[in-house]
Every structure is written in C-alpha cells, then in structure tokens.
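Each of the next two complexes has subunit A plus one other chain: subunit B in the first, subunit C in the second.
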Partner chain A sequence: MASEKLKNEQLSAEQLRAFHAHLRDEPGAIAAIKVLIDLIQSSAATTIMGLQIELQAAADVLKLHEAEGISIASGCELFMRFVTRTALDFSEYEACRHKILERGEFFKEHSTRARTKIAELGAPFIRDGATVLTTGFSRVVVALLLHAAQALKKRFTVLLTESHASGLGYTLARTLAAAGIPVTVIDDAAVAVGLERADLVLCGAEAVVENGGVISKVGTCQLAIIAHAYRKPFYIAAESFKFARHYPLHQRDILGSTPRGVPQLAPPVGGEPDAASRAPTPLLTYERLTRDYTAPKYINLLFTDLGVLTPSAVSDELIKLYY
Partner chain B sequence: MELSPVETPVGSVDSAQVDFQKVERDLDAQSRASGEQRTFLKHAHSPPSPSALPGGACSPALRGAGLGARDEGSVGAVPAPMRLPVQARPSDVISGAAGSAGSAGASADAPDAPPAKKALTKAERRELQERQRAAKAATAGAASGGKPAPFGSKQASTGANASASSASEPPPVPKQHDTTDAAKLRKQRLLERTDVQKAVALFAHLPQYEREKSISLPAQHACQIHPVVARLGLQYAEGVIQGANARCVAMLNAFKAVIRDYHTPPAKTLNRDLESRLRPQIQYLVDCRPVGINMGNSITWLKATIAKLPAHMPEAEAKEALCAEIDSFIAERITLASAAISALGASKVANGDVIVTYGCAHVVEEILLSAHSRGVSFRVIVLDARPHWEGRALWRRLVAAHLHVSYAGMHALSYAMRSATKVLMGAHACLSNGAVVSRAGSAIVALCASRENVPVLIACETYKFAERVMLDSICANELGDPDDLVTVRPVRAAAQTGAAAATSGAALAAGGALAESVDGGANVLACLTDWRDVSTLRLLNLTYDVTPCELVTMVISEVGMTPPTSVPVIIREYRQDTISAR
Partner chain C sequence: MASDAFEREVSVFTTKLKRRQLSGFHQTASRTAELMRSVVVHTRWQTPAKLIERIQRVGAELVRAAPQELCIGNIVRRVLHIVREEVDGLVRELERASASSRSDALTTGMPPSAFSTAPSLHNLLAANLHNEALRTPELCSAAVHEIKQPIIDGVNELIDELGSLVHSIAEQAPEHIHAREVILTLGRSRIVEAFLKRVAKTERPFEVIVADTAPSYEGAEVARRLSEAGIQATLITDAAVFALMARINKVIIPTHAVMADGGLLAPAGTLAVALAAQHHSVPFVVCAGIPQLTPIFLTDADDFNLLLAPAPILSYDETAALEVNALCDADGGADGAEGSAAAVVDGPARRAGASSGPAGVPPGIACRQPSGRDDGFATDSPNPAYDYVPPGLISLLITNIGGTHPSYIYRLLTEFYNPLDIHFGPQAAL
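And now, the complex of A and B:
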C-alpha cells in the first residue's frame, strides 16, 4: 500500500498506464526511459536539481515493477547518469533540458537499433547445419536467429525449452517456425538430454551485471552449467542498456527482486487434480522463482551492441559508462 | 683465532656514527623491550667466544657495541661478531660448495667482485675459482670444529676494495644465488645493514637484514636524513608502525616535515631540487624496511606532484601547496576511500551471513563494524596464523563492538569454510592481472573458499592498485625476521580452551589471558633458538603471497565493486582523471 501511495504522488495514473503499455512491446529499460522523457516534457521544474529530484522519485516508483525491476532500474540509472552529465555541461536550464530531450529521442530508437546491431554481430556464430538451444523468449535472440536465417541464409535448427508456467517457449516456437526455421520444443527438464545434440546455447538476459554474469529467466543458470560441463559454447545476447551496476554473489542476492510465485501450479497435463490436494499447509509451501543469476565463468561470450564481449569486458564498459 | 678481522671494515675511517640512541629511546617502550629481548636471545645462544661478550652487562653493552664497533677498529674491547669474516660461516660453506659443483662460472656472477674482474681471461677465472674452492675447503675444515657462527657477522658485500687488495688473502666467498639485482640493491643502500646470515636460496634475491639493536648511518649521509624520517625508519625496522595504510600515512607525514624544513639552495628551483632532497630519505626508509607497493605508488604520486609545481612559485607558497596536496591525498585516497569501501562492503553483508576473514585489515574491520551498526545480523570467523597473530587484535575490537565472533587458527580453515557464506579480506596490493597481493596465507584461504564455492571479496583502496604483474610470490616479496618464527608464545590453559574456536564471551576471557602473557613477555618460549647452528635448517618468514585472479570474486574499492579483471581499467581511468584534472 505504501508503494501505491507513492505512485499516486509521483506519477499520474495515465503515466503509469503509458508505462505498462510501453512494457508490452519494449524491454523494461526503454519503457522506463520513455516514461522519464514524458515526465521531463510535462515537468514544471525550473532547475536541474528540481528536475533530478522529480526524475529520481519517478524512477523509484518504476523500479517497484515486479517482473522487470532490475532492467528498469538499470535503464533509469543510465538515464539519470546522462542527465547529471548533461547538467554539468550546460549552465542554462533550458539548453540543458533541450539537450536531454534530444538525447531522449535517441534513447527511444536505441532499443531497435541495438537489436539489429546484435543480430549482425552474433549471427555469424551460427554455422550452417548447427543446432541452437535456447530457453525463454528474448526479443534479441529472435532478432538474431531471424537475421541468421533470412539475411545470412543459414540453415540451422532450433531446440527450444517449453519455459513452463509462462509457456513462452511455444510462442517463440511458432514465431520461428513461421519464419521458416525448423524448431523442436523439449521439456524444461530435458535440457541435459537435448544439449547433447546442440552445438551452441544462445540465451537472452534481463540484466547483465557488473562481473559479466547475467540475470535472466529461471532455467538459464542450469543450462549454462550443463553447457559448461558439456563444453558447449554458451552465448548471451543482450543490449548494453541492460548493463546494471549490480553485483550478485549468490542466487539469493537477486531473490529480493524475484517475485514469489502464487502458490498455484499450472494444471498438469494429466488433468486437473482436486484443489484440496494443492492447498498449501504449514509444511507444504510453493515458491515460484522466476529468474536466476548465471555466473560469468559459465558464459563464453556476450553479444551486445558494443560488440562481442567476454564477461570480464562488461565491467570495463560499465566503469567507462558510469565513471 | 678466527675472530681476527681479516676483512678491513670499509669506511671505518670516514664513517662517523650517527647516534640514533636518542631517537630510539623515544620509541614505544614495549617494542623496545621486546627488541632487547630478542637481541639478547640471539646473542645469548651463540656467543662467538667467551671474551666477546662482556659478562653481566648484556643489553646496554650490546647496544653500545652495535653502535660503536666499526669506529673503534680493531681495538681489543670491541666484540668481534661485528666483523667476523664471512668465510667462517659453516652455512655458507655448505651452500657454496653445493653451488660451485654445479656451475663452472660460479665466480663470474659474484656480485661482490670488483668491476675489473670482467676483464679476466678464462684461465684466470678458472684459477681464481680453484683458489676460492681451496679457501672454502680450508675454512670448512676450520669450521667443522663446531664453532657456531655468531650473529651479526658482517657481509663481504662492502668489500669491493678489500677483495681487490686481497691477492694474498683468500678472496671473499661469493654469496650463493646472489643475483645482480641484489647487488644493485646493496649498492644503492645508504645504511650499512647486516644481511641475514642464513638466507633461503630461493629468496636470496630479496633484501633481508638481521634485526639490529641500532642502525648506523655513515656520516656522508647522516646530514641528509631528516630527524623525523630517521625516527620513522627505525620505527619501520622495529615493526612499531605496521599495516600498509599506517606506514604510508606516516611516511607522507614525515615527508611533509621534510618539505617544511626544506630551503631551496641558491640557483636552484624547488620543483627540481626537492626531489633530489627526498631521494635519500626514501632510500633510507627502503633500507630500514622495503616499502610496500602502496607506498611506492604514493612516492610516485608525490614526485609527480612536485614536478608539476610551477617553477616561478614562491618557495613558502609552493611548500604550503605541497603539504596541502599531501593532506588531501591522505584524506581522499586513504581515509575517505576506506570510509567509502566500508559503506560499499557493508551493503554486501546480508542477514545470516557467516563471514570468514584472515589477518587484520583495517578496511575489513570497518566493513564489519559498519554492517553491524546497520543492524545486519551475521557471524564472523577470524582466522589467524603465526607469526604475528594479527587476528587477535581484530577479534578483540569486533567483540568489543558486540559482534558474534569465532576465532580459529589456520589449521581450521577447511572446517571454517564449510559454514562460511563469504570470505572478506584486505589486500596489500591489487595487480594488473587481477592477482591480489596480501598477507601470507590469504591465498590458501581464497583457494579453500573457491573449492567450497564461497565468494571471495577483497577490500582494497585504489591507491594500492599497481600496474605491475606478478605470477607468483617468489619474484617480489618481503622477508620477515626469521626469528619471529622461533619464538612461540605459550598457549596457556585458559587460552587453550578459548583459542581454538571461541565464541565472543569465552574468547574475551581467553584474550585477556593471552594479552597478559604477551605483554609480560616473560613466558615467551623459544624452541628453536639455536637454529643458526643447525647447518641444514633455514627459516623462511614470508610476508606476502599472491592470490590469482580466478580465486577472487570481487574487489571492493572506493570506485565501486568490480571483478578483479577490472583493476587495470580502474588504474587507467584514474590516471586519465588525474591528468585531465590537474
């Protein structure tokens, strides 16, 4: 309720509605930046400091978004950083505000441009006749696969995990099949089996953290560890605005931002069991973990719009970005 | 008979002794007491001859002897150990014989040889070598009588002219494994320090000196050394000032005093002359104890700052500006940096954490205290090891702040790691290849942590980041006093129950008992006091070790939390900043 109250104070209902609309077709970071730009346009602040306070308050509200908190936070931080830097360059408020808005437009386009760039950089890693294993549903991965198939005319097959509970694997499968790429959907639990015939693993990420590790949809970490054990290359495709100044050491470090699942399971294939048998008891609880942290040692390369990076190079880029 | 001074003490005529006794008296009373104790032990266990030690007058006499010995030449009253020829040492004979058997050109790399030696023909070299071998054999025969080599015998190192003039005398035995680096170091030395007698061959390239009662400065250098610096050097040598930050701050403050008392000579400019004035001060400090990487960084910074001063600046103003710069360096890079690190590091301490730490790093202590003051509930396991038992000081302070502390020896490492969720350690330096130089023992803690999949966090200020690369802890390291390994502090009954794995309450009680025995100094056990007499035994007291990059999860510096691979990036960005800002 406290957050609700905060929301009402800092962001109008329609701004929030716009934010959720942006979220539907944009990654969290870009959606957040769009909201912040709208805020600047409608802001009544007359000083940079006032503007910054307003933006910060709005950013704090946006970060409360459950599913994409980390990605939104990194987008907001990046934007705030940019505002501070611009403020240092311009002494006049109006000139500064103008510059920020101009740059904001650039940010808006950034998302699609980054995706194209990544697709171009990453697609050559898919060789003819290869089998690519992927999990979840990532816009960047889709763009990359489509680029490889359509622009580079690569012939390859895709192994997909079904991504249980969200069922996004099926959506992705349909998208790829429609584009003429042969797809096989496998069980989430069958990744170790499926990986044996895969040549490489390619996943998206919600956030790329400071040490080059990634926070992404649950199941990515186990896939990375199995790929590491099988000596299969594990690649991540992510835009640079997903780089976050966040340094998890354990899985539990990202739990704070992981929503606890509602104690309900998707109906098993065999049919609907009676509700009573599923009800939680003091000794029986359900937890739905939606994301995990993959350590950099399991990642071979990251395809980003800054180039193809090793995990250790991510920190270098972050230092340059935030220094 | 073997006590007769074969080697002429170099510089005995022109080197007046600077009396540092007064300075020494100012030193911390406790450290002086322990120093005396140690020196007394050394002398007592190996008397060179009954006449050399004036009976009864132990420490004052020794103190006098150490100071005045070289002055008085070969007057009978001088205790001989100061000038015993190096050939008489059984240890050297043994290692020398082993070495020369293997290498035909052993004498060619003798650093102590006069430069003219290069011109020798092969035949001459051969002859010289034969002669040295014969000399060695002769002295070995003499030494086998069982006369122990007395402590403090002077090296042949200064004997450049001595060996040149010693056609008839046996030439000094070339020190085994004495590389050119070591020779160069020796040449730069201002102080006449006594090289350690029984160096470990693998580490012979590192400077290591006997712990001396007093350190004498030859007259030609004496006037150059500022009294504050002179005092500081002795404090370094005695170990009164320890810890990387404390040593660095003390050094910078001493340099401030030097700068304040500096007057530009006529026809010279401050920004060019001051550095040459500082150089002997730095060299003197290096002679007392090798400087750490962070101190080297600070010295580089200071030199650059001096050079950047405008040439036309009035002297008083320039001096003030420099002192202000030093003050802000201390504040920004050391004091505020560790405050920032403690805030950052504390954010990484979560409820329910079990944090393993080793040694006693100031930043680590601050991180833990700051996390505790934020209301995080966690447990700390302080690991500790000989010879300094630095962890005791740490847990005492942590317990005083009501933290939940366990204290364990290094042998309990793998047990402690089982329950650990994080390892948090300080560092002496972070290197370009991501390796971390830290208190000896840190590497095995990190190794064990990595085996147990426990993240290793290193807290380190950026002024300790170095551009160099180290692959092992052999090439560059510091050798501590081997005698520190000899003395064993007794584990009393109370401590026995407490020290192994004590929780706060019990540990406090045990600590009290320990403190008593340590401070009292009466119950110090010395189990290996005669190690110098055991020809096959050498003691190695390494100060640092290198933790490779792969074992370090995160480096916490004042610029943020970064993986160790980003150390060079931070160095680069920082340098750009200092260039553009000034």
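And now, the complex of A and C:
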C-alpha cells in the first residue's frame, strides 16, 4: 500500500513512537507539528522543495491516525503553510531552515499558552452560582473551569455526562472534584433532563470547521440541539490550531476515519456481554461512532486563543491564513 | 497651563457622567472624542507608546465614571485604533527605507511591527508577539511629529462622523420604508426620529405606531413629534404590542449599544417587542451608529445594566402605604415577627402609620412580606434600563455606513477596533 511505503520511508519507528507519546498529552495538531519539527532537524534535504516533499509525505502518514485525523491534518496544514511562507522570505536554504526551527521551538509551548488564554477569555462567562453542563474530556474545558474556580473564585457546579465508551467523564469528574468544584456525573442519555437545571453548556472540540461548526466527541451534537431547544447558551472552547479547512454538510462527511461496523460493545451493566446473542448477523450490524459534527447555528460563541468568536468569524481567520 | 485646563475639563465631564446629567450616545460620544483630541494635541508625548498609554489612562477614567455608557469606551478604542494605524504605517515606511538601504533584505516575511498586530491564525506560528507588543521607541522618537497631524486628522474625521451620523442613517430611510407601510417603534431616539421624518419628506403615505415605552412614557413625546412632521402616528400601550403586531410591516427601533455577538442592549421593553415580531415574522430593524458597536460580549444579562429609580412605577406616597400594609400583615402574624418588623421600619412608614392608615391602596395588594426580607419594605419594584436582545431576533442593523446583518458584526469590529484595545486600561472592563 502506498501509505505503508511512505510510512517506512518517511517516519522511522522511533519517530512514530515519539508521535504517539506526544499524542498522550498534547492535542493531535501539536503532536503532529512536533514530529514535523523533529523531521526538519534530522532531514537531509538541501532544498526547500525537497524539505516540503518530505514534510508532506510525513503529514500524509500522520493524518491516517484514526481518532484525531482531522485535528492532525489541520495542524500539519498550518505548519506546511508556515514553511511555505517562510521560504518566500529567504533566499538561503540554511537561513530559512534555521528560522523555521527557531519558531518551531517557540511554537512547541503554544498549546499551554493557548489554553491559558482561552481560560482567561472564557471563564467570565461562568457566573457565580451557575451550573455548567459538559461532555467528554477536553483539556481546554478543564483549564477554563479550573481558572474560573481558582483564579476568579467563582462558585459553580458542573454537570458531567459519563461519556460512554471512553468513560472519560469519570476522569474529568475526579479532576474537577479534586480542585474543589462540585461535580455530578449523569448518564449520557440524561442530558435533556440535566440541561433543564444547567445554565450553560461548555464543550471542547476536535476541530473547528470553516463554517464555524465543530467536530467533536460523539454526543456533542445532540447536546447542542437540546441546548438550542432549551434556549441555553452553548459554548465551545478550542485552540485556533484546531481550525480546519473542512466544510461538512452532513454527519456522514466526517465519518471517514471512524471505525464502523465493529461490534465492540462495552460490558452491559450487571454482567459480561453474551457474545452469542450479540453476534452480528446479516441484518444486524453494530456501529460505534466516535465523533459528530455540530452545525454553527447551535453554537453561541467559540472561546479561542484568538479571542471570543462568533461562529461566522471562524471562516475569516481561515481565509486570512490561506488566501 | 494647558494640562491643568485639560484635567479640569475631564473632571467636569466625569462628574456630569457620574451624576447622569449627561447620558446617552449623543451627549457622551462627541464630548469623549473631543477630549481624546485634546489628549493628542496637548499632552507631551515622545513615543507612540506614551501616547497610547495616556489615551488609555484618560479613557479608563471616563469609562469608570459611567461604565454603562458603552459608547465612551468605543470612542476611546476608535482613537487608539487610529493611533495604532498611523504608527504602523510609519514603522512600515521606515522599515522599507532601511531595507532598501541594506542590500541583503534579511527581514522576516511578516510585517514585524507588532504594534497593532493582533493574534490571528495567520501569524500563530510566525512570531512571539507577546514580547513585541509595545516596542518601537527608538524608531519613532525622531519621526513622531510626522504622525501627530495625521492622528489629529483621524480624530477630527471621527468627530465629523459623529456629527453627520444621524443624517447618514436617515438618508437610507427611503430604501427601507415603502408606501402604505405600518411601522412600529419603541423608545425615543434622535436617529429613529430622523429616520422616520426622512420618509415623510418623500411624501409617501405611511403610518407609525408608537409604543408608549413605560415607565418613561417617552412614546407620547415621539408620537407628538412625528405627527407634527405630518406622519400619521398612533400611540399604544406596551401591552398592546403583541396584539397589533399582526398589522405591522416592520419594527424599527433604536438601541443603546450593539454588542460583539450582534445582540442589543436596548431600552427595557425591546425584548418583548422583538419576540412578538419574531412570532409574527415581522422584520425587526435596528438603527444604530457605528460608534455604538461595542466589541465586548455580555457574560451576564445584568452586565452594564442599570436599575433606575422606581418612582415612575411606584411613587413615594404609595410606598409608604404599602409599608403600612406590610406592617398590618406582620401584626396579624406571630408576635415575635411583629416586634422585629416594627423595629426596622423607619421614617416614611412611621409617618404614614401616624396618619390614618393606608390611604388609597386597598388592603392586601402587594403586601406579602417576601421571605427573607426584614427591612419593612413589602414591595420590590426594580426598573431596569435595558434589555438584552439576542442576535437571532434581529433582521437588519442599519448603521451610518449601511445595512448589515448581526452575524456580520464581527467583521465591522475588526475594521474599526484593534483587538489589543478591547480591554484597554487597567480597570476598563467594567
């Protein structure tokens, strides 16, 4: 397969290992950019063109990552764009490479900086006495909630869905409770009930697409629709490197890299799954979707490190970058 | 001394703001712009950073005097934007000059003058902006007098814009109001009045229904002024708005401010009209000047709101009567409650109690002592000045530079303000 060949040529096993290590504590986009910077460091290319080809091939491999493909793609694209632009300013290859690496070093710390900025911008939207509903596990959302509780000394409660399949809701709940924020974990299916007593919804995102909608953990879309029906504000917290040049129209447009038709079921409450009775048949298939697309009309505001944006402002940022 | 005179001017203005002798867009905006011009003209500044700092400080002082007058902050941001633009132009010019003198132009691709560069996706990777935010001192000390005049010109243009704003909005009126249309309006504003009168000049027959805008009842005055201008005006109560909405072709209203998400901070009662308009699918049109665009998001419905005196809703005499009623209720209650209720009631209630009981108010009306209150006042009558109208309810925003949709506001904001100035000065935010 072409990608296999590329993988062997472009990324050593070591680099791929490093990538997966980065992925554990960084968003996909940043992990990918770190790998690309390392690649430039070790690259034997002697021209910009050669370097770009190598980077592109490596980016193509990284993008194949199942869970965070879109975020990685947007990170890679942002970086490639930056390399191209820097290349225009330098006539010497070495000088250019040096500059790219220099700025790359600075960028490595970017996700922490971005998170701090978002926390500062978004935390004032949490009022004293508010109840915040959230789903999934987003590092940005955690940073925002902690900033509101610790720096701004807001008193609020958090309603959390258990985020089935990954179960990350429990991890988030423990993190917040340890920081002194009262948390209640509710069923994923109970969001409509929970929302009635929530004042606002705050979610993270995997990618922010061109029309201002977001791609995020499955369950976000239904939450946004319910929030819209209840007239509760729905906010997204996401770093700007997650802005992606995608324009999904339907949910099926983003399914591309989600594993489908795989009957991996979590054990039902009270016992092991009865494999025989659950085995797929020609008329019975199982789908586990990992992400969904939330249309911009359901989103009130996006808290990003570029500022608080309305969904329609996202496209402007992308246009500024790519045209 | 010029600076003394300036300080005096500022203090006179802030005092009037604090006393609310000056309020509203028209009274505050141009005065603020003139003061900003004085800052540029009269204060000594060697570097642009100094000037910006000075503007921010004076601006913050004005904003602190009347945080609810959002246009003051907006004017200050506009002036800061003008300064930054001019400085940026100068820096770029100097760089071009120095680059052409050196043969190897080893400059970076981005314009490195981060003096006005706000964070964007475009320069995310490009530079460490944070360190560069306020540099350029040595660059500009010599050339600074070159930009002083352009900055003053820029501020003068802004003052002119404020002067011609009502006219520029009104000029668009004939495009929006057609013959035999029925318009609903609420609240009193120079802009909407001029807008409607401009249509009257075209001799198109049309009708305006004016909601009386309780509790200020400014609607009556509006209706009178419109009818004097030959417009058929009908005055209705606020309560009748929904009933009449089916007959309305367009709602045209003024606003206090337009917020960053495109929502409005408008006179209380506007939200009810907006919801009625939405229910009947009637276009909801807002007239506002560009200086009313505020690059701040409301984090709470009560942000920047004002609680006005309750007198128009509940007069002083009536309060006295109600308090006595509350007292009577307490009398009928437990003995312990009686003592405490009586003890805390002060002046007016005692006076009313001395006379022959509640006059005019039938016993039992609005007299329930709300739980948790022990100050002797049985009735609460808040009189908020503004409503927040979410952007989804607004069909069109007519500004002095043309009509826009609320979802387009973010674009206008980037055009007129620098993101670095959104929260200028230390205490400017609120």
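One rule holds in what follows: the second predicted complex is superposed on the first by the 316 of 323 C-alpha atoms of A that agree within 3 Å, B and C clash if a C-alpha of one lies under 4 Å from a C-alpha of the other, contacts with A are read in each partner's own complex, and residues count from 1 in each chain.
The definition used in the following text is that contacts are C-beta pairs under 8 Å (C-beta built on N, C-alpha and C of every residue); 3 or more make two chains touch, one makes a residue touch a chain.
Being a predicted model, the structure only gives us computed values, none of them experimental.
Taking subunit A as the common reference, can subunit B and subunit C both be placed on it without clashing, or not? Answer clash or fit.
On the shared subunit A, the partners fit.
Check the residue A:Lys320 against both partner chains and state whether it touches subunit B (first), subunit C (second), both, or neither.
both
Of the two partner chains, subunit B (first) and subunit C (second), which one does A:Asn300 touch, if any: first, second, both, or neither?
A:Asn300 sits against subunit C, while subunit B stays out of touch.
Once the structures are superposed on A, label A:Tyr247 by its partner contacts, choosing first (subunit B), second (subunit C), both or neither.
Only subunit B is touched by A:Tyr247; subunit C is not.
Touch check for A:Pro124: first (subunit B), second (subunit C), both, or neither?
In the superposition, A:Pro124 contacts subunit C only.
Can you report the vertex angle at subunit A, computed from the C-alpha centres of the three chains with subunit B and subunit C as the arms, to the nearest 10 degrees?
Reported to the nearest 10, the angle reads 60 degrees.
Based on the superposed arrangement, let me know which partner A:His110 touches: subunit B (first), subunit C (second), both, or neither?
second
Residues of subunit A touched: more by subunit B or subunit C?
C
Quick check for you: in the superposed arrangement, does A:Phe82 touch first (subunit B), second (subunit C), both or neither?
Once the two structures are laid over each other on A, A:Phe82 reaches subunit C alone.
Classify the contacts of A:Val308 with the two partner chains as first (subunit B alone), second (subunit C alone), both, or neither.
Only subunit C is touched by A:Val308; subunit B is not.
Subunit B to subunit C: minimum CA distance in the overlay, Å?
Least C-alpha distance after superposition: 6 Å.
Taking the two structures together, which residues of subunit A meet both subunit B and subunit C?
In subunit A, residues 312, 316, 320 are touched by subunit B and also by subunit C.
Which positions of subunit A touch subunit C when the two form their complex?
On the subunit A side, the touching residues are 78-79, 82, 85-86, 88-89, 95, 99, 103-104, 106-107, 110, 124-125, 127, 240-241, 243, 300-301, 305-310, 312-313, 316-318, 320-321.
Under the touch definition given earlier, write down the residues of subunit A that touch subunit B in their complex.
Interface residues on the subunit A side: 210-212, 245, 247, 249-250, 252-253, 296, 312, 315-316, 319-320, 322-323.
In the complex of these two chains, what residues of subunit B are touching subunit A?
Residue positions touching the partner: 348, 350, 421-422, 455, 457, 553-554, 559-563, 565-566, 569-570, 573.
Touching residues of subunit C toward subunit A in the complex: what are they?
106-109, 118-122, 124-128, 260-262, 297, 299-300, 407-411, 414, 419, 422
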